[in-house]
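In the two complexes below, chain A is the common chain; its partner is chain B in one and chain C in the other.
On to the complex of A and B.
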C-alpha cells in the first residue's frame, strides 16, 4: 500500500469514528434528557422563547429528523447558544479547549523531558537503591489520584506556606484581549505551576519506567557489546548508543498520551478551578446546559481523533519500519 | 496428578508472583485491604454515619480576642458556678463538684450521685447546692450535709435570701424556703400553680427574690410577707437564667436568643435584639454596664454599651455557666455536643468530619466500594476485552475489521468526560458507575489480546488441533486461551488499579454510588465543606488508602509482566 492511499484510508477512518461518536452522543443525550429545554423553565424563559429553542434543535420533529439536523449543524460548526452563558457555544468551547491543551501539553513536555533521561540513568544504576526508589516513586505518583495530590499540594503550598496561587489561570480581575495576551504573562506562569506539576508528576511514571525497561533490553543487544569492545566510555554507550535505540516505545507512549490530552484531566481542572474543557462539560451537564455539553464533548472527541491521526502519520515518517497496514 | 491446562496456566503466574519481593509486599497489602473490606463492620470503631457526641467538663477562658478552650474539668458536664472572694464552686452532672483552692481546681467528693444544677455561696464559704431528685446539699467548712427534701423534685435554682435562709426553685414550679438554723424546708405556694418549670432565681437589690422559668414565667418572692407573686417581664419565651448585680442591674437569658435587661432597680425590662437565635443558657451583668451571655454551640455575646455582639469562641460546646471575677472570665459547659472536625484522638483515630462522624470508620468502610467497583469493573473489562480480542484475532477477516474498528472508535472517546456524562445523564447508581468505569477501558485489553492471538494462531499446536478436527470454540478457549492467560492476568491487575482510581474520581466529583461511603466520597465531602484547608486528618487518609491499594496492585502486575513478556524473564 502506498503512503498516499494509507493517508486517505486513515483520514476516512477518522471521519467514520467521529460520525459513530456523534451518533452515540446524540442518542445518549436523547435517552438521558428527553426534554433538554426543561432546564430553561427555571431560567425564566417564557413559553414562546422556549418554543424558539425547541425549534432550533428541531425537538418537535421525529427523532430521525432531529438526528439529521444535529449532524448537519455539527458539520457546519453550528452548535447553538449555551443556555447558561447566553453566548455561542463554539466560542466558549474553543477557549476552554485551548486552556486544557496548554495545561496538558506543558505537563506532558515536562514529564517526558524529566522522565526519559531519568529512566535511562536508572537503568544504568539497575538494582541499586536509587533504581528501586525511582521505580517506587514513579509508580506511587501513578497510583495516587490527581485530585488528592492536588488537594495536598494546595494544602502545603497554598495554605500552609502560602507561596503559590491555588485557583484559576490569572489573578482576578484581569483584562486580556486574546488567548496569548492572557497566557504570556508571569502571572499566568505563577498560576500554572501547581496544576502543571501535579499532572506532570502523574505522567512522569510511564516514560520513566518504559525507558528504564527498554534500556535494559537494549543492553543485551550485540551493538552494545560492540561499543564496549571498542572501549567507549560507559556514559557514551548509555546516552549515544543505547538511549537512542530505546526511544521508540517511549515515543509510542508519548503519541498515545498526546492523542488523549484533549480529554484533559477533569479533576485537576476542578481542584484548581482551571477553566478547561473537562470542567466545562461537568458544569454543563450538571446545569442541564445540553447544547454546551453536547458540543464540548463532540469537539473534544474530534480533537482527540485528529491528534491521534496526526500522531500516527508523524509516527510512520519517524519510523520507516512501521508498515502502512 | 494432571491439572487441567486452564488451572496450570493460572498456577504459573502465582508462582512467579511469590518469587518477586515487591509483588509479595503488594499481595500482603492487598489482602490486608480485602480483609478490611470484608470485616469493615467489626474493624470500624464507630458507625461511620453516626453523628458523634461527647460530654465534657469544658472551660473556655476569655483571651485577648477569642474565648480559648482551657483544660477540661473532668468528663462530665458542668451546670453552674459561683465565686465569692477566694472561694469558687462549680457543680455538674452526677454529683460533680469542683472547688477552686489557691488558683487550682480540686474535685470535691460529695455524698450524692444526682445531677447538680445550681450553687449559691455565702461570703464565709458556706454553700448550697441543689439538683435532681430533690437533692439539697449544704456545705459548712469542708463538711457536706444532705438536707431532707419534701418531694424528689428536680431543683434548678438557688439563691441566698440572707445569711440564714435561701430560696430554692424547681422544674415543677416548686418554691422552697430553706432555713439554715433549723435545717428545714418550707414549701411556698406558687401564684400560678400549673406546674411550669422555674429555672433560676436571684436576689434583687430591694431584698426580694426574682425567679424565672418556662414560657416567660417570673415570680417575685418577698421574704417579709413570705409570699410569691406573679411578675411580667415582657417575654413569653422559656427563660433559663437570671443574674442580678448588687446595684440592681439585671439580665435574664432564655431560649431563641432571648435577652431581657434592666439597668437600674426601678427601670423597665427591655428586650434586646440578639445577634443569634440559639438558646442562651446563662448571663452575667454588673452595675458598670458590662454584660455577657452564653449558650448552646459555643455562642457567647458581649454587650458593648449599645448592642450585643457575638464574640469568637474556639469551640462549639454548649455553655451553661459563667464565672466572672475581675479579669478572669470563664464560660463553663458542656452537655453532649457534636464533636465536629476533631483532630485525631484516642476516641477518633482519624478525627471527625464537619458533621462529627468518625473518619476512621468511614475510611474502613470506604474500602468496600473501592474493591467492589475495582474488581467487578476489572472482571467485566477483562471479560469483554479478552473475548473481543480472541474472536477478532482468531477469525480475522470481516469479524476482525468490525471489532477492531469499534475499538478504534472507542479510542476517540475521552474516558473521564464520557464517564461523567454517562453517570450524570442516568442518575448515579452502583451499576452505572461500574458501567462508566468499564465501558471504555476494555479497548486496551482487546488490542493486546488480539495481537497475541494473531501470532498464536499460526503456531503448530493450533494447526495440529485443527487437523485433529477440533471446533473453533475448542481451539479458541482450550488451546489459545491458556496461552494468553498471563497477559489476561496482567491486564486484570492493571485494570483493577485503573477502576479503583476511576471510581474514586467519580465519587470525588459527587457522582459515586448514592448512599455509599467511599474514599473518593470522603474527599468530596471534605472539599465541599471547605474545612479541608485546615483539617489535614480529613483529606490525608483516603488518598493514602487509594494510593496503597492501587500501588499494591501495580506491584503485583509488575511481576506478571515477566510472565507476559518472556524477554524480561531472560534478563533476570
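On to the complex of A and C.
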C-alpha cells in the first residue's frame, strides 16, 4: 500500500468515527433526559406556549430532520443556540475552548519539557536515591487529586502568603480586543501561574515514568552496546542514541494528552474559576442545555480523533519500521 | 352467580363492620416516600429516612425511594403518581405575598402539572382563597389569610418540614450597613442602595457561583438574571425589606374601583440614554410583555386586561378581576422598558447577547457583562434616589463554585457573598474578625405532600397521626445543624404580617400519633402492623 492511499484510508476512518460519535451524542441527549426541553420551559406555561417555545428551537420537527440538520450544521461548525445563554453555541464553545487550551497546552509543554529529560536522567541514575525520589514525586502528583493540590496551593499562595491570584484569567475587569490581546499580558501570566503549575505537576508523571522505563529497555539493545564499544561518552549515548529511540511512546502519550486536554481538567477549572470548556460542560449538563453540551462533547471527540490521526501519520516518519500495511 | 355471592359477602362485612370492627380488619397498604437522591440533596434524602423510621414504629410498611430530580418533579407534578413526596419551594421575593403559597392548596390547582399535586380539596378553603385575592383592604385580607391557615392545618394535606436559614457573610472592613433580607440574603435589591463604604473602595463587589442565564428582560428565566437586571431597571413599586409595597417610579397607586387602578409616575425620570420616562413607556412595557412569548411573568400579568395612557405621567390598569396582589407583585416585578428602544424589536427572545438593549432608568447603569467572569454597574447620579446611595457602582465576580467565592471573601477580593455558604465555611467565617456572618430565615420551605387521593392518605386521621410522628425538631438540629426553623403553615413565620401563629402545630409525639389512629378505628395486629 502506498503512503498516499494509507493517508486517505486513515482520514476516512477518522471521519467515520466522528460521524458515529456525533450520532450517538445526538440520540443520547434526546433519549437520556425525561424532557429535553425541561431547561427551556418555565413554570406557568400552558401547552400551547410550550409548543411555541419548542418550535422556536426547532424541537417540533421530526427527529430525523433534526438529526440531518444537526449533522449539516455541525460540519459547518454551527451548533445551534444555547438554551440558557440564548447565544450561538459555537461562539461560546470556541471562546471557552481557547481559554482551556492555553491553560492545558502551557501545562503540557512544561510537563513534557521537564518530564522527558528528567526521565532520561533518572534512568541513567537508576537504583539511586534520586531515582527513587523522582519516581515517588512523579507518582504522587499523578495520583493526588487536583482539586486537593489546587486547594492547598490556593491556601498557601493565595490566602496565607497572599502573593498569587487564586481565580480567573485576568484581574477584573479588563478590556481585550481578542484572545491574544487577553493572553499576551503579564497579568495573564500572573493569574496562570497557580493553575498551570498544578496541571503541569499532574501531567509530569507520565512523560517522566514512560521515558525512564523505555530508556531502560533501550539500554539492552545492541546498538547501545555498539555505541559503548565505539567508546562514546556515556552522556552522548544517553541523549543522542538512547533518548531518541525512547521518544516514540512519549509522543503517543503526548498526542493523547493534548487530545483529551480539549475537555479541560474540569476540576482545575472549577477550583481556579477558570472560564474554560470543562466548566462550561459541567454547567450545560447541570442545566440540561443540550445544544451546548453536545457541541462541547463533539469538539472534544474531534480533537482526540484528529490528534490520533496526526500521530499515526507522524509515526510513519519518526519510525521507519512502521509500514503502511 | 359468583358476583351475587361477592355482593352478599360485602353486604355482610359492612353490616358486621358497624358492630364488630375487629372482624373486617385489613392491613393498611404499604407506602412509598419519594425524595431526592443523596447526591442531589443529602438533607431531603436523610429526612425521608428519619420520617420512615418513625412511621415504621407506627406499624406502617414504608419504603424510601430516592429519585433523580427531574423524574421526581415529573412524578409529582406532571403525573401525580406518588404516595407521598418530599420537595421544596424556593422563597422568591414575590412569594412573600401569600397568594402563591396559599394557591398550592387550592383544589382548582389540582390538575396535572399544576401546583396542588396532593389534590387537597376543600370548598371552604377555595372560597376564602378567592375572597382574599379580591380583598383590597390589607387588614381585611390578612384576616382571611389567617383564617385559611387555621382552616387547612387540622387536615394536614401538606407538612411544612422546615425553613432553612440562609447563611451569608460580608467583609466588615470594607462596607457597613449591610442589612440582609428574608429569602434574599445580602444580594437583595436594597443592599447596593444602602451599603456604606468604610474602606478606600466605594464599589461594592459581590461574588457568587452563579451567573445570569442572560440579561435579556424578555428571555431570562432565572432568578440570577433578574436579581441583576432589577438593579438597572426601575419598577413602579418596590418592596421594602419588610415586604411592604413602596411607591418607586410611581408616586401614587390608586384604586378607582375593584378592577381599575390609576398609577401616577414620578416627574423628571430619565432613561440612561437621556430620554424621559413617560406613561407611554409603562403602557408599552405591559403590552409588550403580554403580547410576547415570554412566560416568566405570566402569573403576574394574568389579572391585567389592558393598560391605557391617560396623561403624560398617568396610566390606568384595567383588571379582568379584582386582584389584591396586583400592587405588591405585578407592579413590583415588571420592569419599565424604554419604548423607543424596544418597539422596533420583533422577536426579542432571539436577541444575541451583543444585541440585547440594557438601557433602563434604575439607580444603577449597566456597564458590562463578561460571561463567566464579571459584571458591573455604575451608580446613576441622575436617579431620584441617588442622594441616598453611597456606593459608586456594583460589581459581580463570577466564580465556579462556593469554594472560590469563599476564598475571594477571605482574601478581600469581594465584599459579600451572593449565595449561601457551604456548612463547612460558616465556622471559618465566624472565626474571622473581618467577616460578619448573617443568618436570615427563608420563607421558602421543604415540604412533604400527601397524595390525598390515595389510601391511606385519603384519611385525615392517618395524615394527622403521621404528622405527629415526624420529628422535625430533630431534622433541623441534625440535618441543618440547627440553622433553620421547624415549619408550621405554608406562610412562613418570618413572613410575620401574613403568618398565623395560632394554628395546630403537631409537635413530635408518638403517643398522640397512636391515639389519633386508635380514635379513627385503627389497631395493630399480632405482628405490630397497622390494621383497620
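Everything that follows uses one rule, which is that the second predicted complex is superposed on the first by the 303 of 325 C-alpha atoms of A that agree within 3 Å, B and C clash if a C-alpha of one lies under 4 Å from a C-alpha of the other, contacts with A are read in each partner's own complex, and residues count from 1 in each chain.
Definition applied: a residue touches a chain if its C-beta (ideal position, glycine included) is under 8 Å from a C-beta of that chain, and two chains touch if they have at least 3 such contacts.
Note that the structure is a prediction, hence the values are computed from the model and not measured.
Applying the stated contact rule after C-alpha superposition, one finds that A:210 touches neither chain B nor chain C.
When chain B and chain C are set side by side, the one touching more residues of chain A is B. Contacts of A:270 after superposition on the shared chain: both chain B and chain C are touched.
With both structures placed on the common chain, the touch criterion links A:18 to chain B but leaves chain C unconnected. Of the two partner chains, chain B is the only one touched by A:281; chain C is not.
In the superposed model, A:292 makes contact with neither chain B nor chain C.
In the superposed pair of complexes, A:260 makes contact with chain B only, with no contact to chain C.
After overlaying the two complexes on the shared chain, residue contacts for A:151 are found with chain B and with chain C alike. Contacts of A:162 after superposition on the shared chain: chain C is touched, whereas chain B is not. Judged by the touch definition given at the top, the superposed model places A:88 against chain C, while chain B stays out of reach.
Chain A residues 33, 151, 154, 159, 270-271 lie at the interface with chain B in one structure and with chain C in the other. Put simply, chain C touches chain A in their complex at residues 70-71, 74, 213-214, 216, 219, 221-222, 293, 295-296, 298-299, 349-353, 368, 370-374, 376, 395, 397-401, 403-404, 407-408, 410-411, 413.
If you check the complex, the residues on chain A that touch chain C are 33-35, 38, 42, 44-45, 49, 52-53, 56, 84-88, 92, 96, 151, 154, 158-159, 162, 166-169, 172-173, 269-275, 279-280, 287-288. Residues of chain A that touch chain B in their complex: 13-14, 16-18, 20-21, 28-29, 31-33, 139-140, 142-145, 147-149, 151-152, 154-155, 159, 213, 216-217, 220, 259-260, 262-267, 270-271, 277-278, 281-282, 285-286, 293, 296-297, 300-301, 304-305, 308.
The residues of chain B lying in touch with chain A in their complex are 405, 408-409, 411-418, 420-422, 424-426, 497, 501, 504-505, 508-509, 520, 523, 526-527, 532-534, 536, 539-540, 542-543, 546-548, 550-551, 554-555, 567-568, 570-571.
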